[in-house]
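Listed after this line are the structures, all set down as structure tokens.
Across the two complexes that follow, subunit A remains constant while its partner is subunit B and subsequently subunit C.
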Partner chain A sequence: MACSPPPATPRSGRAPGGGKSYAGRSRRSLGVELTNIGITPGQLTGLRAPTSRGFPKSRNITEHVDPEQIALLVKNEWKLSYVTPLYQFRHVQLKSYSKQLSAFIVSEKQQGIAVEIGLETNFKVVFSVVLGLAETEDDAETVFIQIHSKPPFAGDGDVPKIIWSGWLTCVGGNPDYLRSLPSGFVCLPLFCASGSESLTSLVKLWFERTFDCSFGTLNLNSTYLQWLASMWTGCHHVSSIRYLKLVWNLPAQPPLDISYTVHPQDAWDLWNSVREQDSTGDTIGINEVERFMKGLESHFFRHFRIYLSAGMLTKVSTAFGSAHCDGKIKVCTLLQPGIFNIS
Partner chain B sequence: MEDVAKELLSRLVRRIPLVRLRHVLGRWERLSKTQLLSLDFTQPKWALCENLLSLCEENEIAVKDLTEIEMLYRSEYPDQGVWHVFQLVDTSEESLSSDFMHFRDQFKANLKDLINHVSIKMKKLEDESVWIRIAWGGNFSRPNHLKPTYVVHHLQTPYVFVSSLANKHKPLLFQALALSAHCGSVKDVNLSGRCLTALRDLSMRQYKQVFPSRHQKRLEERDLLPNPSIENEHIKLAEYKQQVASEVFGDGVLPKLETAVYKLETKYREHGSENLARRDEPFRGVVKFSSSNLLESLKYCVSSGMASTPVTPLLSSITHKGRNYFVIKDKQHGSVPNTSASKF
Partner chain C sequence: MSLLRPFSKLPELNMANVLLVGNDDTFQHVLADAIVKQENNVNVNVRLARTLPLPAENEDSRPRIDLVVLIVNLRSELSLSSTETSLKHLDTGFFLGKVCFLVTGARCTSVPHERLASLRKIAVSLHCPLLFTEDQTAKGISAAAGRVLNILRVSAGLVPLATGLGLSTLIRCSLPPDLDCQD
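Right after this comes the complex of A and B.
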């Protein structure tokens, strides 16, 4: 259960280009992995770091969302960006958007701005809605975009390949903020992209021009990765995490990567030993996260006498998925319903 | 030409960068000068491959000639794939033969006794290293020239470097090696990496080592500094760290290793987690260090203070013992130590 109420909106109304302020909310909107990775209202950017988080509400996502659509969301590694609210975006016009975006990509490619000219001649863009991801009435439904392409020398029988996919989503957004938007704005603050960089930037450009919005990078800082490591480990007794892998990068010359893969049961035992006596099952405090990480780092130090704190935590992964500090996430498995009901 | 030969040639052309391919073909001596000059290395690779194929058909080149291209390429550019180091144990001084011909005949005969379908090619390079290429076959299949094993051995040394060896072929190769080098057995020294010279230097301790010295270097006078005594302390400390780093990891150009892996099976002993410390089972985990030049990175960590001094034996063992895979367990009384494990 979420323990803290969603954070208050830093400013009401739409602030054009007020990038960072949306980033905090967009983390709440990670959609599917929200249920898996264990993200609750709070901050990503460290502007207002939460001191405690609750395990997300148990929600059987497969009951709400078409399993085929879930499969689309879990198989890729997604690069995250935040998006400011879209002006005049209508879910009923997705067909027309499909045509417009494919025409836009073809014309941009022909201008020679993008790379790989002539490689992808027949673009087909498909916009679709992923129903059921939205948690509240205020959340806009998730929009999924796929770009198909036929290679220039493909035969008639060849099926076009999916060369890019991406989605815009909003899950459990702050109702006060969402209601304060002027009419005509749709808030889908998290953009996930998987495919070539050139197509990603073309899609962003089209959105920026068509809906008067702007995109920004969304990085995951060390503290956030530490929360993930702790929360995932905390789920181990319900569904096996199989391993807990943490990767640090030390600024040596040449740079040194240190990965520490911990046995799941031992990570869980350490996690149990750092939990506070009076902590209820469904919230985690920042103190507990810090003690857990310190416990791992000092065990490492006892062996290698290297200060991991001199470097940066760059990646966290378990069987549930992975998160990289440069804003890439991957969701590997969908957990069973009731996973976060720890009593 | 056989299909296997065509497949092997096109694979070689695809894999070898053009500049290197030109060099290797020049050394190959199966194409005439005019034929070599007729090849256009600015062409796309598929076109070059077609031309090369027709030249090979003209000269009636067989598979064994083509394997020579591969062998030339691997020995000229050895830093490809991962090499594992093994050691011939229970050898006596006289048993390590320096006669290549003798070793070659023995090895071929011994390996062919163990397995019927095998193709072996051996040659000795100018640096006295013996290169062996083995294409393995099955009971009913011909040797697979597309997935050969490479073995490098310096005669009169106990070290063998092996690349792309399948587990099922390991006993066969080791038995043939042991028989032909007259040694008792072959042992894994738990050292691997991409750079063959580095592995050779590490296993034979041929890099520039620094030995502990008690003599502090005389510090230069620094009158101009605002507080010479504090500066002096800093310099002393920095010099001490430099010295320790060099003693542990060596000086000058360090052997190039990419990884070091530690399997930790030690008890958890930190304060504040008494429950965890009380239990009998170890706290299990695997730590992997990786860098484009691991020893340089570790040395930098020590000299810059990211690692505290003195350096733990776990890290210094990489150079001192010449290995980069360790299993770390707590010291136990009365138990027979595991040969692959380092006690901590």
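Right after this comes the complex of A and C.
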């Protein structure tokens, strides 16, 4: 289904809060004043979602980063994981890490096999640094890992194939958090992997044993996807998004997947109509994101009588890239470094 | 706007009426069956509604509602927003121990945290209990039915020396100190 919304002002049940960044709270206004009885503010990162974000700076990344390395980052679909800070990780020891990891993979593959027959054991691991991706001086430099393998019956002239690649990165991390880490820890919180699941788990296992860290799955919930859709649309004037495609999953019998493609100009017009007048242009508030999504959803409802908000937003894609709620992303151009600001 | 009132009708002997309000039809029906099957001593009457207000034409035949259970499926934004609108059609008397929230889907990892946080804040501001339940397994549903029944027995006045208001002050949702409350 494809349709495009008119640049109408979407319905919004919220009175303009005088520019106050209440966001997550005031949208749940019931006409009941929320009483804060005996509450002390605390620290629980999971519940402190950002209520406004800076507009992604369209810095020209090709000036900082080697184009060959960019080509490596953009062509794959990456499965995301989060990583706790690495202990005693040094960027200068990448060569020895390459040897250790390849030895580890070989030994794990050989486990329980008495006689080796045609097993691919000639793994070659290459660690490299992608310089220039870091935005601030607190960010650790990105580490890129590739695993090459030669098929067992390959001739001498055959070039080893890349069978797995992955990278650990930190772009625009929270400076307060990064500075609060004890010395000896390197924070590379985002791990992207592309390749067979077994190799991914072996690499994770090696990292966990060597650097005393822990990996966990990173899902992108619908709020993150809504942020992405809005921020990408907001970049349309810099570089054309070509299309805005959103996929919802509705809990019907049988489950219904709805793919909703919006013409970029219509998305841009809608986005402009929901921007707050007093916003300075370089920050986006959560209420603007909500109004943008409400506008798209109410347009869909007018045509098909389906409440999209009853389901879950599972995928967002534009010409810049795509993101899936399972934690899979694909980057098509590196114009938008903003998408890495997940930590 | 017709308000649903808790004390406008007389109670019946050995009778408890619960109203389940929610968008998720299948879960509502399964839960209703589980509630009716679990209770043997009292006549439990389960009534279902998608949203409040209830239609005015059945007003006369409707028994007195002893407990309103608002079911919120965190997987959908619509479920939360329709619960918010439903709340406005409840008389204030209900909030003295005759309303509780039942949350499903809280363990789903792709659910935004803000939904649960805002629901918690609603429950705190209305002094209502917040029950978490698993809607995918039979065990979870029977556990949910048991918990709803426990509250229902008290709020219907079937438990000697216990009142809905008294129970609700004990089990109502309170904000944990680590929930960020700064505006």
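Assume the second predicted complex is superposed on the first by the 278 of 343 C-alpha atoms of A that agree within 3 Å, B and C clash if a C-alpha of one lies under 4 Å from a C-alpha of the other, contacts with A are read in each partner's own complex, and residues count from 1 in each chain.
Keep this in mind: contacts are C-beta pairs under 8 Å (C-beta built on N, C-alpha and C of every residue); 3 or more make two chains touch, one makes a residue touch a chain.
Small disclaimer: the values here were computed from a predicted structure and weren't measured.
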Between subunit B (first) and subunit C (second), which does A:Thr136 come into contact with in this model arrangement: first, second, both, or neither?
neither
Name the contact category of A:Thr261: first (subunit B only), second (subunit C only), both, or neither.
first
With both complexes overlaid on chain A, does A:Gln93 touch subunit B (first), subunit C (second), both or neither?
neither
Looking at the overlay, does A:Thr217 come into contact with subunit B only (first), subunit C only (second), both, or neither?
second
In the superposed arrangement, which partner chain does A:Val274 touch: subunit B (first), subunit C (second), both, or neither?
first
Answer with first, second, both or neither: which of subunit B and subunit C does A:His303 touch in the superposed model?
first
Residues on subunit A touched by both subunit B and subunit C 251, 307, 310-311
Parts of subunit B lying in touch with subunit A, wherever the complex brings them together
262, 264, 266, 268-270, 272-276, 279, 281, 283-294, 296-298, 300-301, 304, 306-308, 311-312, 314-315, 328, 344
Report the residues of subunit A in contact with subunit C in the complex, numbered from low to high.
20-22, 24-25, 27-28, 30-36, 39-44, 46-49, 217, 219-224, 251, 307, 309-312, 325-326
Per the touch rule, the subunit A residues reaching subunit B in their complex are 250-263, 266, 269-270, 272-274, 291, 295, 298-300, 302-307, 310-311
Subunit C residues touching subunit A - in the complex, by the definition given at the top:
23-24, 75-79, 81, 84, 87-88, 109-114, 117-118, 121-122, 124-126, 175, 177-183
